[in-house]
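Presented sequentially are two complexes of subunit A, the first with subunit B as partner and the second with subunit C.
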Partner chain A sequence: MRGWALLLVGAILSACAPRAAVRGRVMHDGSPLAGARVRLEPTNGGAGAEVRTGPDGRFEAPHLPPGPYRVEARGPGPLAAIPGQNPVYLPPGQPVWIGLQAVPAESPTFALLADAEPGFGSIAGRVLHRGRPVEGAVVSLYADESRGLRGPGIQDSFPTGPDGAYVIEGVLAGRYWVVARKRLHEGGMGPVRKGDLYGIAPANPVPIRDGQETRLDIHLVKKERDTAPDAGSLELTGTGVRGRVVDPQGRPVAGVYVFAYRNRTIGHGMPDFRTLPTGPDGRFELPLGEGGLFYLGGRENSGGSPQPGEWFGFYEGSPDHGLVVPRGRVLEGVEIVVKRVLDGG
Partner chain B sequence: MATVASLAGVVLLGLAARAGADQGVRGRVSLGGTLVEGLVVRTYAYRPGTFGPWTGERPVGEARTATDGTYRIELPPGRYVVEGLAKAEGNTGSRPEPGDLWCLYSGSPVVVTAGAWTAVGLNLIRVPEERRSRSERSRIEGVITFDGEPVEKCYLYLYSGPGAAFRGPARRTVPVRTGRFRVAVPPGTYYLVARKRARGGSYGPIEVGDRFNFYAGNPVRVGAGEVVRLEMPLVERLSQLEEDPDAYHGLLVMVTGQDGQPLAGYHVLAYPVPTRSGPPMAVSSPTGPDGRTFVPIPPGSAAYLRARKSLGGPPAEGEPFGDADVAEGETGPVPIRVGVAR
Partner chain C sequence: MGANRLGGWEAGRLEGGDARLLGGWAAETPSLVTHLVLLMFLAGCRTPGPGVPPTDLHAMPTESITGRTEWSGEVVLDRIVVVRSSGELVIAPGTRVRFRRVDWDGDGIGDAEITVEGRLTARGTAKRPIDLASAEPEPRPGDWKYLMVNFASGAELEFVRVRHAFSGIQVHYSPAAIRRCEFADNVDGVRFSTADLTLEGSWIHHNIHGIRFEERGHPARVEGNEISDNEVGIFAVTRCGGGTVFRSNNLRANRVPVKLGWEQDQGLRFPENYWGGLSADQVVEASRDGRERRVGRGIDVRPVLPRPVPVPWPFPGRPPE
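So, the complex of A and B:
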């Protein structure tokens, strides 16, 4: 009897536990795509969910346990839609909107190479947007998707020419996640922004075989809006930092993004968390996942070493720029003071 | 008459410059440890976007190495690209040809400040052959070597131009696992640089013990459907400053605690980036009881300093350290106050 009571209490508690939900739409070439299977796979384990889009391309998945989910849509037929950011964080409360754009789900083909170095192969193909070649796109190969396919690949192509053709030679045989991007802004680095084109190959991970060339076309979609990296993560775990980026005179600085590294060696590789660039008020909101000790700073550009004249600064609330943020807490009023980087000539 | 007057003027100016010059570059030139006599060292004034002979600059200083491999070129204060070249018998071109001995100093541009001599040692290679053929794709391929053997796990960098003296991101960075590489490239002009850092990784300044070189045939022009096959011999970066009692010792730094009292036993590391990550450009010997030490960086150069007792890796938990920024042209002494890491 007591056991039954406990089970009942558990069931009631479970039913009352805050739930997450997803709403969204899958489009293909500007039209809603009906009958696509949208799969939501929790990256923390547990059962996933699959829903189908209706005639208006819309889908809805209510009553999900909050958490990070890997999202993709397949079908109908040889179509697939992979969002630019995976996982998607689903906090409890208001449904999260996910817009997906479907592209042809190309499968790789293979051709023998005449004179490849043993153990190495290559990958080549075309980068397309709505069936047309894309000039100026860069194709990147990643060894895994654990870091969200961000930053430079372990090998990158040169920008495509007018025919959209790309080739990466001398690639160690293995499986790679293939991503193509065409950025509109100068520098060609940093996160994909509104108006940029990007494409994550639905065939990922793509094999590159010893002595062979993998042939794979990559279809791009247009980034429709700027989304904060790790959007929803702060609400999901209730962990992060809010504050302002200011110059040494205390005036707010716009256009600076705030970054957080778990590793004390700040600047090696991609930050673990980062914000969108600050607005005129210099304010930022930085999600920090499960919390812990982070080393914080802010800078103006993305990728590479800070350049002369660039806004750059660390969190100076501790000598090593570190800040402990416990899970479930949002620290308010954190200030990052930035200065122009010296000209090292 | 006018010509005689002009010549006299030139001579007088030259004498005046000589009398007033008390700075420049000097050092030794060697090929695999053997000092090389009679090699021509040339210096080129540097400004951003140029890089000496590769961008058509004219030399502003020239000297031949003496029997002991040393040279000395007086120069006005400024920044310079330094190149050494000894032509092989039968070679007559002005640029490096197969068989020539050559080095373009990896630390170029070097800084010369008034009244100080900047030590620049040149580590030569013998220039290898370059071959060209036709193919469907334009390509640069070849091998990166050290002492004649392929270099594993290094990086090849392809730049479109000198930019900031080949510092910062390249147009393309190619990981080279076995020493051999093959890169499909759009037709165009490329500057090749190869680096193998002892600590690994594809970025950060070259430090003592790392292997490095520019390609002697820079810039490499690749036509449509052209394959360029080449070899890039690396050299090892030796100590940045040679033993020379009269040489510039570096930037004077004074390390103190929060109370202003001098601290002994602190190294001062100079970084090119404000993150103070990656290998430092230079590391000082420990501070003495007066808290003083010299950081061996070129005079007047900008740097991000960090004072700490241990070397290698980021400061440990509880380890005291202190930072200071040095602007270009700043000559010190630079005070650094030390605090405690978490």
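So, the complex of A and C:
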């Protein structure tokens, strides 16, 4: 009897725990895609969920445990949609909206290479958008998706020519995540922005075989709106920091991205979280997913390594610029002090 | 005269002579300077916070230097020291800094380090050099992590010997001048990226990489050095555009004279250096890329100096074999 009572209490508590939900829509060439299977798989274990899109391309998955989920849509037929940001953090409470764009789900083919160095292969193909070759796109290979397929790949192609063709030679045989991007903004680095094209190969991870060339076309979609990585909003995640970016004299600095790394080596590679640029008051709001230990700083540019003359600085509240943000808490008054790189004094 | 220890920290000031360690304590009478240093360190000491695993370096004992601090005598480190943006560390001639091998995060590399985000002045003399090395009885490369100068106001090193680190010195996004120093028995002797760096008159030998650099659009100057007996003489990792000047250096007896990283897609020139009697073609033949393949026309070392450049050994006695 006592056991049953405990089970009942457990069930009630479980039912009362805050749940996450997701809503979204899958589009293909500008039209809603019906009958696509949207798979949500929690990256920290547990059961996933699969739902189908309706005639209007919309889908909904309520009552999910909060946490990070890997999201993708497959079908109908040889179509697939992978979001530009994966995994997606689903916080408790308000549903998260996910817009997906389906492309042909190409499978790789393989051909023997004539002069391959033992242990190495290559990958080649075309980069396309709505069936047309994309000029100026860069294809990147990643060894894993643990860092969200951001930043430079372990190997990158040269920009594609007018025929959209790319090739990456001398790739150590293995399995790689393949991503293609065409950035329209100056510099060609940093996060994909509104209007840029990007494509994550639905066949990932793609094998590169010893002495063979993997052939794979990559289809791009257009980035519809700017978002900071994993940002959402503080209302959604309930975890993050708020504060100001100031210069050494304490004056607010505009146009600075505040970033957070989980790794202590700040400034090398892409951050785990990032804000949009600060306004004239220097204020920022940085949602931090499930919380934890983060190393914080701010910089003027959003891609590549810091450049001379650029605003750059750290959170100075601890010697290593690290800050523990407990889950469910928003830490206020965090100050990032920036100065110009290599500007003396 | 003085040396002391607080919670694993050993710091001290000796005016001549070595620190004597008794059961982990240096048995000397603390001086006023030592007391001030220790009080400052005690105030700046950080303990692990909740939610931080003990193997994370955020939880490793760390000391902050926020004002002007002078080290002299013998300083023994088993932790991270950060010279904050408002701080200045001055290391006096003859100072011995000894790093214990503390592998906090279990990656096989010692984690004791000095990071400079403010200012560092380490000016020894030929007869009283500053000496940074392992405290271990059988020292080896990687016993401690590095002397890192990162987003700093500046660093000046003269007559400094740096051994047994992962990186003897790393300079990033900072101005730095290194003259008549020695970097030996490290994994990387001198490593830099995006730095206003002058490196001259120094001996960089018996490291895995003598010089390891990423130029990233900001050239440095490496002139009049002895860069010898390393596994790799110069390792250009990536984004090197040929602006960094390597001139009048002796680059001899390095197994690989020049190595280009996987992502270094531009050829580089290293004119007017002495390559231990090798011709330009022989240097190219012996140079490699990241996969141990010949770099071929990826580098050009012409013209080659026919004779070694005089680079006096900065310290008393004979240079190491």
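Operating definition for what follows: the second predicted complex is superposed on the first by the 306 of 345 C-alpha atoms of A that agree within 3 Å, B and C clash if a C-alpha of one lies under 4 Å from a C-alpha of the other, contacts with A are read in each partner's own complex, and residues count from 1 in each chain.
Everything that follows uses one rule, which is that a residue touches a chain if its C-beta (ideal position, glycine included) is under 8 Å from a C-beta of that chain, and two chains touch if they have at least 3 such contacts.
Fair warning: this is a prediction, and the values are worked out from it, not measured in the lab.
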- For A:G309, decide between first (touching subunit B), second (touching subunit C), both and neither. neither
- Task: Mind working out whether A:G77 is in touch with subunit B, subunit C, both or neither, as first, second, both or neither?
- Result: neither
- Message: Quick one: is A:G317 in contact with subunit B, with subunit C, with both, or with neither? Answer first, second, both or neither.
- Response: neither
- Item | subunit B versus subunit C as contact partner of A:G161, first or second or both or neither | first
- Between subunit B (first) and subunit C (second), which does A:E169 come into contact with in this model arrangement: first, second, both, or neither? first
- Message: Between subunit B and subunit C, whom does A:G279 touch in the aligned arrangement: first, second, both, or neither?
- Response: neither
- Message: Looking at A:G292, would you say it contacts subunit B, subunit C, both, or neither? Reply first, second, both or neither.
- Response: second
- Query: On subunit A, which partner's contacts cover more residues, subunit B's or subunit C's?
  - Reply: B
- Counting only touches as set out at the top, which of subunit B and subunit C does A:P326 meet: first, second, both, neither? second
- For subunit A, what residues appear in both contact lists, the one with subunit B and the one with subunit C? 117, 152, 154-156, 170, 264, 267, 293, 305-307, 312, 314, 318-320, 322, 341-342, 344-345
- Message: Please output the residues of subunit A touching subunit B within their complex, sorted ascending.
- Response: 116-117, 119-120, 122, 152, 154-156, 158-159, 161, 167-170, 172, 189, 263-268, 293, 297, 303-307, 312, 314, 318-320, 322, 341-345
- Any idea which subunit A residues touch subunit C in the complex? 117, 152, 154-156, 170, 248, 264, 267, 291-293, 305-308, 312-314, 316, 318-320, 322, 324, 326, 337, 341-342, 344-345
- The residues of subunit C that touch subunit A in their complex are 44, 46, 49-52, 56-58, 62-64, 80, 82, 84-85, 117, 151, 153-154, 172-175, 193-196, 214, 216-218, 239, 262-263, 291, 293
- Give every residue of subunit B touching subunit A within the complex, in rising order. 48, 79, 109, 111, 137, 139, 167-169, 171-175, 177-178, 180-186, 201, 203, 272-278, 301-304, 313-315, 321-322, 325-328, 339-342
